[in-house]
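Both complexes below contain chain A, partnered by chain B and then by chain C.
Coming up: the complex of A and B.
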C-alpha cells in the first residue's frame, strides 16, 4: 500500500482534475478578425530583380492554417462558390485535382492565394474583388487541408454530403513534389 | 429600443388551428388549477384533522370509509386523465385534417440563419423567391413544404399555432389558415447554431386582392435603375463580392447561397428579423454584419464610401 493518506490522495485527484480542466481550451472563433492584409500585389513577386538595394520579402502568415472553424468555413465556400464545379471535391474534373502532391502554381499559402485572386491560364477565373480577402484565406487553408498539409486536428473530420472522397482529416499528407515547385521568381 | 413589427404570442390566436390549441391549453390549465386546489385542500385537511388521543387506529367502520374515499379519489383521477386524453386527441384530429386541395403551397427552407421562401407555380418562370417574409391571403388554407438546408431548424408561428421541424433530406409539411389580417412573427424553435436567436421571419396576412398583387410583383424581375446613382450602384453590386452569394432576378447575379434580393426594399426587416429595413441599418449591415449578428455567413465588406452610397441607392430601387 502506498503511504499517502486518503486525504492527500483525494487532494491529488482534485488537483489533477483541476489541471485537466484548465488544460481544456475551446478554439476561438474570430468572426471579425482582420485577414492578413494581402492583395494580389503583395502576396508574391514575379521577379527577383528590384531597383535599389534588395528589400527582404516578408513572408505572409496564413492566419487560418491552425483554426478548424476557419477551415470548415473554407470547405463551405469551396462548395458554395462552385470551386467544386471544376475541381470536384478534390479529385479534379475539368480543373486539376487538389488532393494530390502535384501543384502547377505552387502549394504555399501565398501561391494559392494568388492563384485564386489572379486566376490562371486555361480556365481558372480571377476571383479578386469578388471574394473578400478573409474568405480567400479560409479557402486557401481548406485547399491545403485537402492534400493533408494541415494538422489533423484542424482539418475537417466530417462531410455534410456523400462525396466518396476520404475526409480531409483522414487524408495522408501529400508532400508537394519537388518538380511542382513554381519557378524561383514566383516563390514567396 | 427598436420597435419590431409583428405580434408574437400563442395566446392571441389568429386562425382556427391556433384557436383550437389555445382553447385546449386554457382547458388544461383550468383542469390543472382545480386539481391543484383539491389536492392542497385534502393535504391541509389531513394535517389539521388528525387522530385524537386514545382513538384506536383499527376501527373497522372508519377503515371502510377511508378505503371508499381513496377509491373515489382514484376513480376521479382516472376519469380526469381520460377526459384530458380525449380532449387532446380530438384537437389533434382536427389539426391533422387534410386541407382543401385549393390550398396555397409555399416552400420554406431553413438555412443558417435565415428562411428561403418560394411560391411555386406550374409555369416555372412564374416562380417567386423571397426570404424571411411570408405573405398569405386571409381565410385560405396555406400548406408549407418545409425543408432543412443545412441543419435541423423548426418553423414556428405562435399566433397561427404551427410548429414543425425542418430536417435536411426529409420534407415535412404543415398547414394553417389565418382569419385575422395582421403581421405575425415567426421564430426558429430548434437550436441551430450561433445565431439561432436571430433567425426570425414575418407572416403577413392580407386580403386576397392585396396578396395577389404582392405575389405578381414578387414574380417580376428587378427593373434597371433609371438614375445615374442607381446605375452606379448596380455596377458596384455586380462587380463586388455581393454576387458571390445573392441573386437579383433580371441581372447576371444568380447565386442562391444567401437571400434573394430581387425585392429587398419591399421587405420589412433585414438579417432575418434582426433589424428594421432602413437605409442606415442596411448600410451598417453591409459594412460589418459581424458586429450586428456575429457568426452570420455574410463577411464584412470594405466598400468605398461613395460606392456604398450608390449601392444603397440601388438596393432602395429593388421594390
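Coming up: the complex of A and C.
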C-alpha cells in the first residue's frame, strides 16, 4: 500500500477522524448529577385501583437514567451489594427475575427506589439506611436497564465476566406490565 | 408415545405370569446377619434397623439406618404393573414438594413448602383431613431460602409430630389433635438462617439443623428435648472445639484431623464465623454404637480463594453421641471445598461383608462424584469409587483420606474455568438413595451435569447471598441430565443405570417386593425391577416429582405407595419461581441446564397414593 497517493491518505485520515468523532457521540456526560430525591416518595401507589378519581403521582426524573457512568456504577453495586445472589444477572434465583416485563411493585424509578429502601413482605430486604441514597438511585437506573427500559447508548455494553444474560444494551425493551396478575413467584 | 405399546405388552405379560412369580415371602428374605433378631408382628424377618417398622413410615428416611427399605411384600415386581391411584390430596401450596409423607397411628402427616402447613390425613377414611396446623412463618423468610422454599418432611415419635419451619422454628404437635405442644425458635432470618431439613428423634431428643450456606450462615445441629422443646445441646460445624463439641472422646481416624481447634485454625481470621457448614440433610442413628451421623454443607463463600485452609468442619461427616452431642470422629469429604460440594448427602448405615470380614460401614454418595464406604466405628475410608463423570478430582487417597482435586479445574478469581464435572449441585444432591438388603444394592438418584465457574469477589452482608461466583451448568457426557444407578457398594460399581432427561431430584424407595420407586422432574412416577432395572410401571402425575416416595400398610391391611408431586427445589426453580431462561446464571446457574423444563411440567402440590386394585 506504499503507492497510495497523499490525497488518498489524507482522505483516509479525515474519514477516521470523522468516524472517531461519531463514535464519541454517546450520551452527553454530566459529571455531577444529583439523585432525584433523598427519600422514598410518600405519594407512591402500588395499585392502579384507587377509589374515585386517581391521585396524581409526582413523576420524578432521575438524571441517572441518561448517564452511562451512573448506570455502570449501578451495575457494580448490583454485584457488590449481593443483589446478584438473589436476582441473578436478571433471570432471578432466590428473588424474582428483573429482566422480564413483570413488575410486582412497579417499574417507575420511584417505585424501584421504594422497593429497595423499604423492602417488600415476601423476602425483599429493606436496605434503607444501609446503602447511600445516590447509590440506590444508580442501582435503580441499572435495574431498569436490565429489561431494556433505558436508552441503548446508556445501558452497559459488555460483561467482563462469565456470559450469563444478554448485555443490557442488547436487551429488547420489555413493556412493563404494571397491573398484571401476580408473577409466578408470587402466586401461592 | 412410542413406548405405550411396549408398556401395555409388559403389563399383559406380567399379569399373565404373575402366578408363576410368587411374591417374595417372609421365608425367602435373607436375614441381615449381624443386625439382630426380628420382632414379632413384622411382615418380614428383616431386622428393625433395616427397613421401616411394621408397615409404618415414621421418619422421612424410613429407618434410623436411612435405608428407605420396606419389608412389605404385597406390591411386587410381579404385580406392580397393576398399581393404580387410590386417592389424592392437594397440599394447597405450589412450590417444590421435597417432603416425605410420614405414616404413623393410621394417619399420614404431610408438611408443605413455605408456609409449612402440616396436614394430618386420616388413613381410615382415605383422603379426609384429621386436622391441619398452620405455623404462620415469617413471610420474609422466603427471601433468604437459597433453593426454593422447600421442606423435607416431619418426624413422628411417641404421639408427637415434629417439624421445622422456614423461619427457624422447630414445632412439636400432638399427633391426635393437631395442638401445638411446644415451639422453639432456633435461628434468625436476618442472619440468613432458614430450616428445611427433616428432624430425627433419637432417645427423646429431636435433632435439627440449619440451612444458609449461600448466605454465610454458620452451620449447627441442635438437639431439643422432645418433651419440652428446650435445647439440650448445640454443636457448630466451625469454630473452637468447645463450640463444635469436640472433647476427649474425639478421635478422628486421620492424623491431620487430630489437632485442637481446627474449626478456627483452618480458616483465615474470623472467617469461620460466616463460613457455612450447615446441616440440612438427613441424620442417621446406630443404636448399637449409640452414635448419630450427619453431614455438613459447603463452606461460604463459594469462591475458595478468599478462605485458604481446610475450612473445617465444612463438607464433612460427624459421628456424635446423641446424649451430649460430643463428637466421636469426623471426616472431611472435601477439605477446602472448591465447587459448593456440600457433604450433607445421607449416610446409609450397613453391615457389610468387606473383603471377608463383617464391618459396620457408612455409605455416602457425595456431591464430588464418589461413593464412599467408611468404617462407621472409626471414620476410616474403606473405598471411594466414582459414580459420575469426573474431571475435577483425580480420586481419593485412601492413605490420607483426602480427595485429590485437579489443579487446572480449581476456580481462580476473575477466570472462567470450564467443564468442571460434577457441577455445583454435584453428582448427587440431597435426594436420598435407598438400600435393599435383598439385592444388596443401593439405588442412587443423581445428576449428570458439568459446569463453568467464575470466581468473583464476595462481600459479606448479613442476610444476603455470600457466594462470590458466577456459574452455569449443562449436561455431562451423553446429553442426559439425570440417572438412577443401582450400585454395589462392595464391588464399588454400578450394576445397571437408567438415564433420564432431567436430574433425578426425587428420593428412591425400595421394598421386599423387589421394586424400586422414583419420580422424574417431568412428572413420571416409575416402578423399576430392583434386580434388572427393567421398568415395570409408570404413572404421569400433575407436576414434576422431587419428593420422597414412601410405602406403608393401610388400616385395611393393604400396602400403599405415596409420593408428593410438585416440581421446584434448586433444580426446578425455573418453574416454581418462574425464573427467566435468558439468563444462564439464574437460579444459581441451574436455569442454564433446565431451560426446557417449563415445556415439560407446570407447578403443582399434590399427594398421590397408589395401591393394587
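Please note the rule applied: the second predicted complex is superposed on the first by the 124 of 188 C-alpha atoms of A that agree within 3 Å, B and C clash if a C-alpha of one lies under 4 Å from a C-alpha of the other, contacts with A are read in each partner's own complex, and residues count from 1 in each chain.
Criterion: a residue touches a chain if its C-beta (ideal position, glycine included) is under 8 Å from a C-beta of that chain, and two chains touch if they have at least 3 such contacts.
Since the model is a prediction, treat every value here as computed from it, not as a measurement.
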Chain C versus chain B, contacts on chain A by residue: C
Partner chain(s) touched by A:80 [first = chain B, second = chain C, both, neither]: both
First, second, both or neither for A:101, with chain B first and chain C second: neither
Common interface positions of chain A, toward chain B and toward chain C: 80-81, 130
Interface residues, chain C side, partner chain A - complex: 92-94, 139-146, 214, 416, 452-454, 456-457, 459, 461, 463-467, 470-472, 573, 576-588, 591, 603
Complex contact set, residues of chain B against chain A: 150, 194, 239-241, 243-245, 255, 257, 288, 290-291, 294-295, 299-302
Chain C-facing residues of chain A, complex: 79-82, 84-86, 88-97, 99-100, 119, 121-125, 130, 161-166, 183-185, 187-188
Residue numbers on chain A that touch chain B, as the complex places them: 29, 31-32, 80-81, 129-132, 134-135, 160
